[in-house]
Amino acid sequence: MAQIPDNFLGLPEIHSTYDRARYAILPIPYDSTVSFQTGTRYGPRAIITASQQVELFDQEYEREFIKSGVATLPPVAPNMAGPASMHEDIFESARQVVRDGKFMIGLGGEHSISSGLVRAVQGKHKKLSVLQIDAHADLRDSYEDTPFSHASAMRRVMDLHVPVIGVGIRNYSAEEHKFMRARKISPISARDTREDIDWMQTAVDRLTENVYVSIDIDGFDPAYAPGTGTPEPGGLEWYQVCDLLKAVAMERRIVAADVVEVIPLPGNAQTEFLAAKLIYKLIAHVESNASSPRK
Amino acid sequence: MAQIPDNFLGLPEIHSTYDRARYAILPIPYDSTVSFQTGTRYGPRAIITASQQVELFDQEYEREFIKSGVATLPPVAPNMAGPASMHEDIFESARQVVRDGKFMIGLGGEHSISSGLVRAVQGKHKKLSVLQIDAHADLRDSYEDTPFSHASAMRRVMDLHVPVIGVGIRNYSAEEHKFMRARKISPISARDTREDIDWMQTAVDRLTENVYVSIDIDGFDPAYAPGTGTPEPGGLEWYQVCDLLKAVAMERRIVAADVVEVIPLPGNAQTEFLAAKLIYKLIAHVESNASSPRK
Amino acid sequence: MAQIPDNFLGLPEIHSTYDRARYAILPIPYDSTVSFQTGTRYGPRAIITASQQVELFDQEYEREFIKSGVATLPPVAPNMAGPASMHEDIFESARQVVRDGKFMIGLGGEHSISSGLVRAVQGKHKKLSVLQIDAHADLRDSYEDTPFSHASAMRRVMDLHVPVIGVGIRNYSAEEHKFMRARKISPISARDTREDIDWMQTAVDRLTENVYVSIDIDGFDPAYAPGTGTPEPGGLEWYQVCDLLKAVAMERRIVAADVVEVIPLPGNAQTEFLAAKLIYKLIAHVESNASSPRK
Amino acid sequence: MAQIPDNFLGLPEIHSTYDRARYAILPIPYDSTVSFQTGTRYGPRAIITASQQVELFDQEYEREFIKSGVATLPPVAPNMAGPASMHEDIFESARQVVRDGKFMIGLGGEHSISSGLVRAVQGKHKKLSVLQIDAHADLRDSYEDTPFSHASAMRRVMDLHVPVIGVGIRNYSAEEHKFMRARKISPISARDTREDIDWMQTAVDRLTENVYVSIDIDGFDPAYAPGTGTPEPGGLEWYQVCDLLKAVAMERRIVAADVVEVIPLPGNAQTEFLAAKLIYKLIAHVESNASSPRK
Amino acid sequence: MAQIPDNFLGLPEIHSTYDRARYAILPIPYDSTVSFQTGTRYGPRAIITASQQVELFDQEYEREFIKSGVATLPPVAPNMAGPASMHEDIFESARQVVRDGKFMIGLGGEHSISSGLVRAVQGKHKKLSVLQIDAHADLRDSYEDTPFSHASAMRRVMDLHVPVIGVGIRNYSAEEHKFMRARKISPISARDTREDIDWMQTAVDRLTENVYVSIDIDGFDPAYAPGTGTPEPGGLEWYQVCDLLKAVAMERRIVAADVVEVIPLPGNAQTEFLAAKLIYKLIAHVESNASSPRK
Amino acid sequence: MAQIPDNFLGLPEIHSTYDRARYAILPIPYDSTVSFQTGTRYGPRAIITASQQVELFDQEYEREFIKSGVATLPPVAPNMAGPASMHEDIFESARQVVRDGKFMIGLGGEHSISSGLVRAVQGKHKKLSVLQIDAHADLRDSYEDTPFSHASAMRRVMDLHVPVIGVGIRNYSAEEHKFMRARKISPISARDTREDIDWMQTAVDRLTENVYVSIDIDGFDPAYAPGTGTPEPGGLEWYQVCDLLKAVAMERRIVAADVVEVIPLPGNAQTEFLAAKLIYKLIAHVESNASSPRK
């Protein structure tokens, strides 16, 4: 009686048991501070379902990358007391995963989940920076009465003294602009990736030794990832992001990641499929560069 | 240049100016504690749009009911700090409307908004009870880490010492059952409305002089209102609810109301249309019985 | 190489050739005067597709009813010069069908198409009245700058001195109310069909010898036919309409019909399936009573 | 870290472990012979997700029914070699479950899965009959080149010499009519349930000592279960089916069941929610009548 | 009580009052001559809702552009007497806006609305030409019995002796080809924008001193704007259109604009979001080049 | 009474009669072996409807291409006995079309239909090779218990000793990789088309004299064709495929084709429109190069 196991990549027990797995998928179906279109709570489930169609054989490296094991954790339950409480719950869940020595991959849910995850990773990995792939700067001090909004996701990370290097950014407020000026932050905009031939190296150079990769799916152009809350035109392409992840994996050490803001569309699995395949590519790049020399 | 004003019922300025209106529609597009299907935030906008197709001539009373005026307020902005903060914001918004002497009609959003509204109404109208049309008891002490969840909506109302008379209830937990037993509460179940010929009078008799009507759209059978988060089979029919509201309007004084938990479905305006027409029927009943003797 | 012919009921050539068929389906995918939700233009195609799943064996009469033949005509092309021009085009198309001696069944499209069809039928069948199954009276003198709007469909029929007997009506304007008073018209409301045990006989009695049946799908409760532009709660049920059509077929002579205002919903074929089966039931009733004595 | 387990009813391990559970949910996401609308393959997943919102406290019996345990098995993998091969796979999977002494509940998928399930149950329970709740007779000898089509589901059961008592039937072919005549089978039609006051007792009386309940969701009226392939108007209501199941549970011994033909609609969880709650009601009835005397 | 005003960009009263505003958004939800997919009537509402998520800070110019004021007018009511009447209504509405000295931005609705708008603008701005971004030439003499069809939008403009410069054109009829030959018109095709390095300058050079920008959203590739009636593959990209608008704003004087043919898709706000942001970019370009020297 | 004929391109009888037509469209709405998302059975109908909006005038060649005639055949009925039986039915249907001397264009349905079509074409055209535009290699020996799965489509073609040249391939299994190695097959990957300037000529060079073009719509990037079962990111663009088809038409003889794996999305006709236009472009290229010298 053949069956596809209902976990990330549809892996058999031998490759998906938590104890033996190097990678741990942590679903966080939380979307309570979202301001416009809702539904990222359905993202983790959709990404996991789509991942079961991702081919395990990687065409680029000409091999499979599941021997290290990829475990899928049960979802973190929403804490409805508010985003500050939820931040703590996420932090606690993530801390355990990091302590267990796993390469943690958070699945959102909205982008506000990232700060709890980064805080947990920072506890283990020093010299940490965040590679943020995103349409928005997410650097507001607070938004709609809370400092833990999706619109403040990276501001909360910076509060932890973790540098953030944004790529694909094409939407921020006057307040955020002023903040970036003051902090001398200049993200690599989506237009930069088309007009500045060195954008990829620039991004890599700014990263520290250990890198947390935070992928807001709206960093991609809506043509490639229409299933998201605020689909900003003029975004990144598939190969740009793949190649950037590869470059980072080769020159730095990626230690954790998240993929957030996926909203499944009725009948169109394009966005969650892209998210699932991107995560597998990330694993492939990390695995392939595990023993390479770094910065 | 003919134009349909974009307010509830599409009324011209003369019938929709706040200062002169007896009725005030208060949209509250809040859905942050919802646990299953999300999207009630889109409810108020959809109900207002649908209401513009509701005929102003009432077939039952053979006249229009807009001379008293129906104003549509701007939506209460979501407070993302958590449901406790949102409860306060709703209370403050509603208190102003009640102080201005309006018959307030809240449009949800999720059911948790009701306790803030009732609290505001209670400040003005003594001997207040709530007629709750709902599939669920909503009497949990707390749910998913907050006492202000949609699943605790009526428990919070009872905390205000306002009696709650439920109609259409067909889903509650063992904990809620125990609580109802202890408080000697026995809601009128959906099955009662089919098997007990006196159900309507029983409901009316339990209500106090002043009545707040809280309509969770899932009180209706999903056949009539499929656009909602937890569509419980076996619910109420259109004419049952209309006739109940008429009976209450005739024998008690309805002083405020809300309609909550509407989620617009793609392409199917059935639920929001029913909600809009139900509100107009409620206004018609209230207007027609304004000078009748009461209990 | 088995194939389902792409016509109404999926009939083989022998039963669907125009020349030999008694019944002729005339699709009119026109929706240019619709004021709220658009999409009835997709109705005819959806009804035809759904009809191919309708069982040809009728359980009530225990036999099939296709030997008389049911031809499916090509759709009447939309005339975009405006509804007055379209009315003429429909009239011309229908006149030919009626002249050919067919029992014409128009598939809308919006309700405004009916007046052109009735006008064509009136040219052949004297003592004609219209049985209108509908949520709305459709008796406005004009609407949105045209007398040929869907909201004036039955007013235009009355201009032809053809009496209209409405059933299921539950929405009309003060102007229409006044008009009905003046003309001493009192439609059988949806509530009447629940509270007046004689409603069906009353409807039949008011009809003249020859009857044109015009079914606006919103005459049904939205629970049964959610795919329509203005889904009015409190409507008719399946068996009510079936039994009414049977009674009319037994006591009068039905000479033509239309089914209008079907909007296919994404993924939900319920409404068009009901429409298709209803048309087949109508044919069954007409065929079974072909030789019965009448008024 | 609170989590809702991703199984039927969202039960904790203690109540969902296969070894200790009395009930076993067997998902069969198979829809390869469906002729009109496809998508029942998504049914099992949708029913399981919806079931996690079903309240475990039963209002009718005033208690919970999970102590006997309800295990959710992994889905039976589709066998794409054709429906004959799939029938064998289903039979093998089901036989194991039945041998393990479980009360098996199959989740379709299309109705063709039932014959494999019944065949497995028949191996253990003698004096078996099938209560078929359905819009269609499903008694064709073969359909679209295979005897294992959904349209032949109950014909295959009858081949096993298991009597089939249909309820809600309102669509069959001339061929099926002839077959029923020859076999002296007369299903209880949907109309019978409205016009014959004894329909329920008639159905129970025809059943043998042990009963397999096969619920094609299209037995319900599309108003209650719009998410299905061929939504036949004029079907059963929620309370009718609940009361019938209760009567059967009281007077016979229900030994297994299936719920099939659910197609999740975009944004509308009504159908899968009804299916999930119906299964829980079935369990409640079976548990409550476990020690009652029978025929 | 914080609230987002329900106008274009969600601007506070000070920046959105008609009297003080330089820009005026004129919604025209009209789609009665559309021949294939309907629904552009929902475009204006969707664009306005989406615009409330557009960041007011422009990354390119590093400042906000709302001080000049952007007023949102109520929608022009559909005139159902036919497209000729509607043309007059649009003209009258637009003439008033132009007379009031506003920079008018029409929101469609179908493309047929442009001729009425251009006619109004021509009354004030001499030396006017139209920059048409579109997949189709829209140069038919008449279509489906009316000269005011969407398929004749630019032909009607040319009747006004206003030159039309098309960009992105990739679909026209033999008749239109002949007409263009005769008039020596050669639009810049979508392929030209990929293969001819000078396409942008060519377009600018052909424009006269004052420019009306008419953007049919299907000028974009469907990858970027899938929500439209006839999604022609091979279209323009986001940055191409932005850069073209900038070039025109720098070298000519843009005096009015429209964005048409947006159909909101279920759950996917990509197209209306692009439209909203494009309009804001247009305003930014116009504002930034207000005092620059021109041709 | 103007009417659009309901065939591919909406052609009048003179250009669509089978006997006189050079091209024959063969719809095959079959999707029984699909493993993930279902619904390609709706593809042929959607492509035909969309094709009626494709302009007959080709901008590239500046002429129409319908004089040779394009007939639309009725759909091949699904054979539900399993994919092996269906393969035979398709082969028989196709053989007749090929024998009649038609240029056959199959419309899927799933990709498994191609092997039956190629087998029929091979019977007439020697020196045949297949140009496969696809995201997946489709070279599995068998899948989910059948050798006739969509995942084995091209393996079955290779069994016929027909060489397959894949373009756009970006997903295959370790087993397929090994098979390709053994057979010395190296498809042109999607990345190759971006990084290898000679990819197009390489593809053409590998083709034999007679070419069957098999287009799995997922060969395109999901940005251009989101309506498909497994939307693999990183695919081909519109102009790449058009230019490749032109090159093949110029240097080889295209003798038949198919377009498969289109799933219509709710409300979004982008994918079927692209498919329809692509087929017309293919016809244009074939017609224009009919008399050119070849290899």
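Odds and ends about this structure:
For clarity, chains are labelled A, B, C, D, E and F in written order, and residue numbers in each chain start from 1.
To be clear about the criterion, a residue touches a chain if its C-beta (ideal position, glycine included) is under 8 Å from a C-beta of that chain, and two chains touch if they have at least 3 such contacts.
All values derive from a computational prediction rather than experimental measurement.
Following the contact convention of this document, B, D, E, F is the list of chains adjacent to both subunit A and subunit C. Between the contact lists of subunit D and subunit E, the overlap consists of A, B, C, F. Note: the chain lying farthest from subunit B is F, by mean C-alpha position.
Rounded to a multiple of 5, the Cα-based rotation taking subunit A onto subunit E is 120 degrees. In the contact between subunit E and subunit F, the residue numbers used by both copies make up under half of all numbers at that interface. Centroid to centroid, with C-alpha atoms defining each point, subunit A and subunit B lie 41 Å apart. Put simply, the C-alpha centre of subunit B and that of subunit C have 37 angstrom between them. Touching of two or more other chains is recorded for residues 2, 35, 39, 77, 144, 221, 223, 226, 266-268 of subunit D.
Put simply, subunit A touches subunit F in their complex at residues 2, 52-53, 55-57, 59, 62-64, 221, 223-224, 226, 238-239, 242, 266-270, 273-274, 277-278. Those residues of subunit E whose C-beta lies close enough to touch subunit F in the complex are 35-37, 39, 144, 170-174, 176-177, 189, 191, 194, 221-223, 226-227, 230-234, 263, 265-266, 268. The touching residues of subunit D, counted against subunit A in their complex, run 1-6, 74-77, 89, 92-93, 266-267.
Across the complex, subunit F meets subunit D through its residues 31-33, 35, 38-39, 41, 77-85, 143-146, 149, 266.
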